[in-house]
Amino acid sequence: MHKTLLGYVPDQSPIYAIHPFVKVYFLLIVSLFPLFITAPEWNFFIMLFTLALMWYSRVDVKILRIYAPMAISMGFIILLSYTVLGGVHPEYRLLTKPLGIPIYWERIRDATVVYFRILPMIATMVFFLSTSRERDVIVAMRSVKIPFVITYVFAMALRSAGMVLEDFGIVRQAEQARGFDPAGKSLAYKIRKYIMYMVPLFALSLRRTEEFTNALIARGYAFTGKASKVKRADYVLTHYTFRALDGVLVGIITITFIAILVLRYGFGYFGLDDSWFIIWAQSAL
Amino acid sequence: MENQLNQEELTAEQIWELQPGEKRSVGVIHIVLLALLIGIGFVVGAFGSISFPLGFGVNFFWTGIAVQQVGAIWFGAWGVLAASIFPFFSNAISGTPFYVSLAYIPANAVQAFLPAWAFRYYKADPRLKSTRDYLILLAAMIVSSAFGALYSPLVVLKGFGLLTAESVPLFIWGWFGGNVVAGIVFNFILLKALSGVVIRTPSFVKKWWA
Amino acid sequence: MSAVIEIKDYTWRYLYSPNPALENINLTVHQGEFIGIIGPNGSGKTTLAYSLNGLIPGQYHGIKQGGIKVLGKDVESYPTGALQKSVGVVFSDPEAQFTTMTVEDELVFGMENLGMSIPEIRERLEWVVELTDLSPLMLKPPYEISGGQKQRVALAAVLAMRPPIMVLDEPTSMLDPISRRRIFEVLAKLKREQRNTIIVIEHSLENLVPLADRMVLLHNSHLLLEGETRQFFEQMDLLLEKGLFPPGIMQFFHYLKQQGRYDGYLPVTVAEAAEKLTSLLEPAQEGKQ
Amino acid sequence: MTSPFIEVKHLVYRYPDGTLALDDINLTIDEGEMITFIGQNGSGKTTFSKCLNGLFKPTGGDVIVDGHNSKTTPIVEMVRRVGYVFQNPDHQLFNSTCWDEIAYGPRNIQLAEEEVKERVEEAAHVVGLDKSYFKEHPFFLPKGLRQRVAIASILALRPRVIIVDEPTTGQDAQQSREIMDFLVELNEEHGHAIIIITHDMPIVARYAKRVVALGRGHILADGPTAEVFSHPEILAQTFIEPPQITQLAQRTQDQGFSPGTLTVEEMIAQYQQLTRT
């Protein structure tokens, strides 16, 4: 396992043979799919597909343990929003009325649709985070000629996030070393803990701006003036080649996306009415 | 930054006005600042999102607000830019889909911009020397968070179909409260503790860009 | 030998600061010289390093008098980004200089800024990696390697730009003794093979002294003492009085000199000192027998 | 006979990612000792120190401080006995005045405000922090003073053992000696056991009484400074070499110099001895 800022990525993975741009493209485009698909079974299929890709890429499935509670709590909130907080709608089909709260079929249906829309979007994000190193994102951005300064800010932001995390760990220890003990204390006491972290974290970052800036200037980096117009060699790209397979993958993703749009808006596929899952659920409830 | 004990006090006016002969221009330091702010916002924001979640990147107590508002007061447009960008990262960590984060940008930008604008326009002292300074900050926090709170659940969450019309108020209050309470806790402390140093560093931004 | 750096009546005061950080400094550095700069904290050493590569007055607000010429041209007349090709600075905290995700990117960054082509970059990369012995680390994040490696990366990143003048500001402050010696071995190699002009600011003198052609003492913003290394340390009492502690072997031989038991130059390396001490003692011991 | 204040038995520590940082460490530390931990970057000095005050819990073996096993004792109890001063003072200054900063620890362990006041004043006095600084923001102070505030803030917890991580990094020779003189004073006049982590060999030679050399998670050497420095081959394993004056004495052993020579003064004294006729 190789530690990145966003978690651990596998040491060896077939996915590393793929150009980083394809990974970013996958994240950006496949995340869009669920927005055009209403039928839950199709979205569920996209999620399964993404999870299968994770398995194929030898991602440690333990990563899912971090996101599972998040996905569950989100589902719970959506359900709550659509049922308990859903209001009174005499026009809907009433399923049951526990504690005087009306639960309607249409609400359950909509909650399901929304939830199954969110799941694959989360899955693509997790897939990306668990197979990409920071360098991949930078390579992807540079290979599509995004201005250097943007790529660079991005890279430095990740770098500084790493430093802040590290500082955060030390500050927390420093706090403990001074007898701070949140165990069994009130919420106000715990919030104080957050306050205490913030000042040193900011202070350290501010002290660093100056040093970082000096180091950048010393390496001949300029943001304005003639020196900023220099043509960059993009040496890092020499480690990556965009192969035929990468082109094919980009093509498949693009065609799938177009196909979904055409099927959805031209032929009315992926809608609620012909979703066998919804039809089955309606009859079951 | 080392020894600043015996120096004359600056007035709030002097903090924001250019002094005669003072030259300020955009430079590498601002790029570094932008990156560092995104980095710190990433960590601090993710921390809040994970600790007190309401869902979809909305929290009961969102620590990231401090980076947005204090960052923009000190560093002007660079703070606003950072504030618009870092929630992408911090939300991603807490499982918020990419396009939901994208749609949050206007809310985050306004939350950072408004206090920064208010301090510059009304010449308030970032070291919070008078009641007036506190009131300006508080008002800017409330108005900007109200905008964020209204925009995000209505436009974004409704737009993505994540919420029903009836449950929107809960999210509006959640966003608003989460921001204002966290803002009150952190903004005052950070500004009071560090402004005195920050305004004398070359990274401080008087106007919007330099 | 031609002068590569000429500092004339140079004074600098930071804005918001009551006293100048450097006052009335005069110093000329020649091509290929190795200069050691010492002085207590706050004496203006770092300000001097900043002044040589344009961070002052570029990045800092302040008031300047006199001038500094690098390669015959005033530092202020260089366009943005141009002076850094001639003067490379390595700072003391390596962590705060790393701006990328891998050691390789770190080494390449400066070369890309100079607009070099890929074959050129590849060639220099090979050279600098070999010189600083970094090849096993190329794909690691620079902040996850050990302290000694970090400081080597920081040095290599500036070396890769091949500046004719190198300024190192406490390049080994965080290192264990042997890692520290290795950094100085790299500098010795540079001095021998590349004929770079090298200026090193250091607190720890044991490794610096054997390499330095000339030493400079800064104290309270002033240049207090300057001279060829061995002659410089003849002023032992002045140095001790100013709170600087010359290497132990020099102090020991200075004592011998004062006692009239030795009258050569002060030794700069342990080997040299051991040899001299042995030859001093042999007749004495023979006399005893 | 009383048992030692700190007893480390077969201590093993692994980082969460599985790297073995400390491997079977055994060590005892008595009250009032003055020890330095030396070793290359990454040799485990800092990790070991954090095990001593309970910040890190052992993966295997035991750390027993004043009869309390760190595995079962809450960290609050541990830090009252073993104080740890972090290398960078900026990591440990949370409060907006020096007074609050020093009072932070005593307040955490819920002392009465009167007692807190007494401890703050005492700690400030010991580190030589003038009362006029009490209302200053610690962030505004120069590094030397920030370090003093950091030490005072630990002193206020009145630990019997104080660990100071790299106190002389970035300090000049004069400042380093001032800090060390102060730590010696804490040790000799106030009776605290002091553990110093450092790379600075001239400082070790001058001030340390007992040296513990760590390398790759093991204790490579433990003993009086002169004795440890007499074995350069062991020190080299952890990237340490003795100061030049010691190296000179070692190279001239045949002439009668002691391989454990630590300072110029000792060298001179031996020379006088050798040349007395």
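Note that the chains are named A, B, C and D in the order they appear, and that numbering of residues resets to 1 at the start of each chain.
By definition in this document, a residue touches a chain if its C-beta (ideal position, glycine included) is under 8 Å from a C-beta of that chain, and two chains touch if they have at least 3 such contacts.
Bear in mind the structure is a predicted one, so any value in this text is a computation, not a measurement.
**Student:** What chains touch chain B and also chain C?
**Tutor:** Chains touching both chain B and chain C: A, D.
**Student:** Count the C-beta pairs in contact for A-C and for B-D, then report the pair with the higher count.
**Tutor:** A-C
**Student:** Where centres are the averaged C-alpha coordinates, which chain has the largest centre distance to chain C?
**Tutor:** A
**Student:** Where the centres are mean C-alpha positions, what is the separation of chain A from chain C, in Å?
**Tutor:** Going by mean C-alpha positions, chain A sits 47 Å from chain C.
**Student:** Please tell me the distance, in whole Å, between the geometric centres of chain B and chain D computed from their C-alpha atoms.
**Tutor:** 41
**Student:** Need the CA-centroid distance for the pair chain C / chain D, whole Å please.
**Tutor:** Centre-to-centre distance between chain C and chain D: 30 Å.
**Student:** Counting in whole Å, what is the centre-to-centre distance of chain A and chain D, each centre being its mean C-alpha position?
**Tutor:** For chain A versus chain D, the centre distance works out to 44 Å.
**Student:** Mind pulling the chain B residues that touch 2 or more other chains?
**Tutor:** 2-4, 27, 29, 189, 193-194, 197, 202
**Student:** Of all the residues in chain D, which ones touch at least 2 other chains?
**Tutor:** 96, 139
**Student:** Could you check chain C for residues that touch two or more other chains and list them?
**Tutor:** 59
**Student:** Looking at which chains touch, is this a line, ring, star, complete or other?
**Tutor:** Shape = complete; every chain linked to every other.
**Student:** Please name which positions on chain B make contact with chain A in the complex.
**Tutor:** 1, 25-40, 42-44, 47, 53-56, 61, 63, 66, 70, 85-86, 89, 92-95, 97-100, 160-167, 170, 185-186, 189-190, 193-194, 197-198, 201-203
**Student:** Contact residues on chain C for chain A in the complex?
**Tutor:** Residue positions touching the partner: 50, 53-55, 58-59, 79-82, 84-85, 88-91, 93, 95-102, 104-105, 108-118, 121-122, 143, 157-158, 161.
**Student:** So in the complex, the part of chain D that touches chain B is made up of which residues?
**Tutor:** Answer in residue numbers: 96, 136-137, 139-143.
**Student:** Of all residues in chain A, which touch chain C in the complex?
**Tutor:** 133-135, 138, 152, 155-156, 158-159, 162-163, 166, 208, 211-222, 224-228, 230-236, 238
**Student:** Name, in rising order, each residue of chain D that touches chain C in their complex.
**Tutor:** Spelled out, the residues of chain D in touch with chain C are 39-42, 169-175, 199-202, 236, 238-241, 243-245, 247-248, 251-252, 254-256, 263-264, 267-268, 271, 274-275, 277.
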